[in-house]
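Next come two complexes, and both contain chain A; in the first it sits with chain B, in the second with chain C.
On to the complex of A and B.
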């Protein structure tokens, strides 16, 4: 097996770009599942919803899908607030969140898919952007903007989420709710409001991740299911509830996939990725940056 | 006593008559699973529209065997594991009279054991080489891949490649980890052996791969003369984009990409398709060879736009209609629904359909292959109109349909 320098450098760049995108689709799960203990299995469906919203505006008005997703993120946030309120009233409040809550999010996943099928049809949708077909070359290394732009947006989003959670009072309350709800309540903070807000934040990130997805590849209503395993794997590998861990885990899985595809054959990529996950958990069960 | 017997006999006769009239008025049910959600739903829904148009046409003519035709179908979600239960339900609960397949190798193969157990005549819609392992004598395939599908499917690409001067020496084979690409790659390996090409890359990738550029770079590192790809729509799009981004240098690229036959990928990829060699079932360049297709497309295209599926309808929809035409003609000719008689008739006679004359080989495949090998060129922008008329596709094979010769190398014709 040879490892020519250009091939290695391109594998690194491709892996990092891919990892950045994986971080964007996983950060919401890291918040809802990692911090709030809400097994939001429908998260990938909200990502696809974000893809279709971005597609609609791009198709009708020619607006860049990423711009659309950022502008409309308050709507996704509001949707998240509503969804958590329903989940809390129907399941969490009654202590039935474990199995019935999971069934609830499964239901939401299927409903979202069916609604997308009814509204947009079942054909694949893709957006055209000014940068989609441009590739920058730095020596022997390629930077396809189709992946580089989503990478920049993804990393920016993850960093912003981390800064918000670590530097603001409400952000620290979210971190606190993940550790001890009772203590938070004793300090006069309503943990349900905090969880509601954090869950909404996770749905807002799904909207942005959806726009990044449709820039990268065509989507159809059921494609989100392919990401269910990945987002949870990234979240667990990085450490439950750790945003930096999510970014690190995503980059590691992206690099693993890229190197395996380049040098050993792409069909080994999932085995290598999940092998890394298992090995990491064997040595550090709480995940790479988990406490 | 005689009076009572007379009354009873008359009553029984009336009951039998009523039952017979009732049976005649019962619709003739044709059941199938179809991908209406999931990755191949775009194709499945387009096929369904064609089959519905056929049912409406038949019913407007008075139905079949004096009975209205009713299509009974369920969404298989493009998921092979749903297929056995769908066909069991169709046969045991819905009591359908006939069954046909859904779209694609992935969902045809799991239906085969049930068809064989029940001795059903089974018309199948675009499955590649499914019957090679089953050898079922009541299986019929409407896809024009020829009697040796795996080899016939890839023959056009390799025959065209062998016309290049100098003759190519090496080939890279790549495809998704799924039923159809696996069978297509099997055929490509046989073609490589037949043509004396050295295989320098032979790998498959998981269907949910997001970034294909590492794969394309790995292929480029082997510097192949030819790159044969067998893929489903999302990975077709991903590979074509990655090939353009990386700037793949090879003499011919393409072969077995599913998806570029449909308007969605044609318009989305646009000029990125230039230079690629792939297969098509029909292109406007050879319209004269398909004299009856316009009649079908006129019915199909308006409806497809309304239902948000492939507005071109060049690939799967005419064959979905033709599949039902074959069944219709066999039922009319045999005068019933006897599965053995239907199968015998379909083996023995030629059928007139919108896609031309169809005759089946012993294994149920087309007796002569007729899939077109084409090269895209001069595609500008992403509008659909340019695909509706001749100008951007050269038919390279088979010989009867040929409109030009291949342009190589690929990288110089990519622009």
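On to the complex of A and C.
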């Protein structure tokens, strides 16, 4: 049998494009779970919420979903502030975050999903954009803009988050909170305010990632669950709290999924991310670029 | 009360409940009761690993589905009698539980919870792609035409089996709770390293609790295919099983066997009422809202209120 060059090349390109998008999906978890130790298991639900917000504006006014999400990201930011306030008051302050905090976010995940079902129904929704149906060709390799545009936006966002965290004063405060909360307190900084801000930032990225998701594929309230394993797999695989690690992990996962669906069929793809997650948790819990 | 006395009493109650239901002619009663009983088993089983040992399992649906699909597999392969299917599903889910128990070796807290969720999705994908048990199309299971013991309909038999299984789950949970095993598990929950240092055989206890918990959840799923006559992966692996089996112990209270029972009866009945009067989407919303409300406002659940009230009364005004 002849080696299927075009097929493999296309699988690689599709995998990398998908991986960039996965980085946008998981960067929020990398901040909240990796740096702040807040197990926001509801993160994928907020991504779907972002998809539906983008969908509503696109459906009524025909605005580009990605533009909508960036304009509305302060709203998600504010929601994140509020959510962390509640979480801190009810769980972190009492030292009950492990079991009950987890159940809290699980409940929030469920509520978000059911509310979306009640408002929008269980039908798949999709958006129309100027670039949805265009595909660029480079030799035998296809670059569908439906995947390429989200890829560019996603990688830009991830790089911006990394630059923000490593270059600005407040960003470094977030990294400091991740390392040693007590030391930060001794320096006269209120770690709760820093964590609040960082958590809000993670929710804001979820809003943008949601818009990217609905550009890539039609969205239905329950598909958020498929991303729970994915975001944690990327976060753990890349190394907890490392943004570059998140990008690397996301690209690896994108490639793995793309190859699985090309050679074994798309119905096996979800098993890949969870399988990688299980393997990463069991054999290399510190991740590829872990601290 | 000693465990043996409790077990004897509990089974007497079960037989009384089954006998009393012979006078109920409304068929809806049986399907509603079946669902509530199923939740009693799931909540009690979850609590053995989650409440007693402190390891949060998000994969209840996977165990439930393993029980259900063991029945489907046996139905397709040999059609053995119902008790054989129940036993087989329980054993297979128990083995899965044992495997999950080994995961606790390397993963604590959150990582364990996420791993169980991941396990559920991996198993879901396997079942979805496994044609022998129906794959994504699902499988039809015909209820036998002859109902034993002179019962009028097959659902009555399933209901009776469910009552017995629920009582068994409660008896097991109570026996674990009141024995040295329960004290060891509580030590693990409060501080695993300290427990290990104090000579508690943590690994063996964790394996035991994960196995029992998994086996009981699987047992709850074994009669599910017969109950619905049709199983498909997304029904058997439904996330609502995971949410319910976490919400019920949290709402009832996690430190004793009564908590999950109270939570399951309360939440299960509310859901049945809402499902009939409003819609099934709303009943899931209620579970979510109650879960969030209870963990934020009453972290020790209903049993927590009762304990506080008892405490106050003992002390006097």
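In this section, the second predicted complex is superposed on the first by the 262 of 291 C-alpha atoms of A that agree within 3 Å, B and C clash if a C-alpha of one lies under 4 Å from a C-alpha of the other, contacts with A are read in each partner's own complex, and residues count from 1 in each chain.
As a convention for this text, contacts are C-beta pairs under 8 Å (C-beta built on N, C-alpha and C of every residue); 3 or more make two chains touch, one makes a residue touch a chain.
The shown structure was predicted, so the numbers you read here are calculated from the model rather than taken from an experiment.
Colleague: Would you check which partner chain A:39 touches, where first means chain B only, second means chain C only, and both and neither mean what they say?
Modeller: Second partner only, chain C.
Colleague: Could you say whether A:226 touches chain B, chain C, both of them, or neither, answering first, second, both or neither?
Modeller: Both: A:226 reaches chain B and chain C.
Colleague: According to the stated criteria, A:55 is in contact with first (chain B), second (chain C), both, or neither; which is it?
Modeller: neither
Colleague: With the two complexes superposed on chain A, say which partner A:277 touches: chain B (first), chain C (second), both, or neither.
Modeller: second
Colleague: Would you sort A:99 into first (chain B), second (chain C), both or neither based on which partner it touches?
Modeller: A:99 sits against chain C, while chain B stays out of touch.
Colleague: Mind working out whether A:117 is in touch with chain B, chain C, both or neither, as first, second, both or neither?
Modeller: The answer is both, since A:117 touches chain B and chain C.
Colleague: According to the stated criteria, A:261 is in contact with first (chain B), second (chain C), both, or neither; which is it?
Modeller: First partner only.
Colleague: Starting from the residues of chain A touching chain B, keep only those that also touch chain C in the other complex, and list them.
Modeller: Touching chain B and chain C on chain A: residues 114, 117, 222, 226, 267, 270.
Colleague: Can you check the complex and tell me which residues of chain A touch chain B?
Modeller: So the residues of chain A in touch with chain B come to 4, 7, 10-11, 14-15, 17-18, 21, 113-114, 117, 120-126, 128, 133, 135, 142, 144, 146-147, 216-218, 220-223, 226-227, 257-259, 261-263, 265-267, 269-270.
Colleague: Any idea which chain C residues touch chain A in the complex?
Modeller: Within the complex, chain C contacts chain A at residues 50, 54, 56, 58, 103, 106-107, 109-111, 113-115, 117-119, 121-122, 124-126, 128-129, 136, 239, 243, 246-247, 250, 281-282, 284-285, 287-289, 291-292, 295-296, 299.
Colleague: Quick check on the complex: what are the chain A residues that touch chain C?
Modeller: 33, 39, 41, 86, 90-91, 94, 96, 98-100, 102-104, 106-108, 110-111, 114-115, 117-118, 222, 225-226, 228-229, 232-233, 236, 267-268, 270-271, 274-275, 277-278, 281-282, 285
Colleague: Please output the residues of chain B touching chain A within their complex, sorted ascending.
Modeller: Of all residues in chain B, those touching chain A are 36-39, 41-42, 44-45, 77-78, 177, 203-211, 213-215, 217-218, 221, 233-234, 237-238, 241-242, 244-247, 259, 262, 264-265, 268, 272, 307-310, 382.
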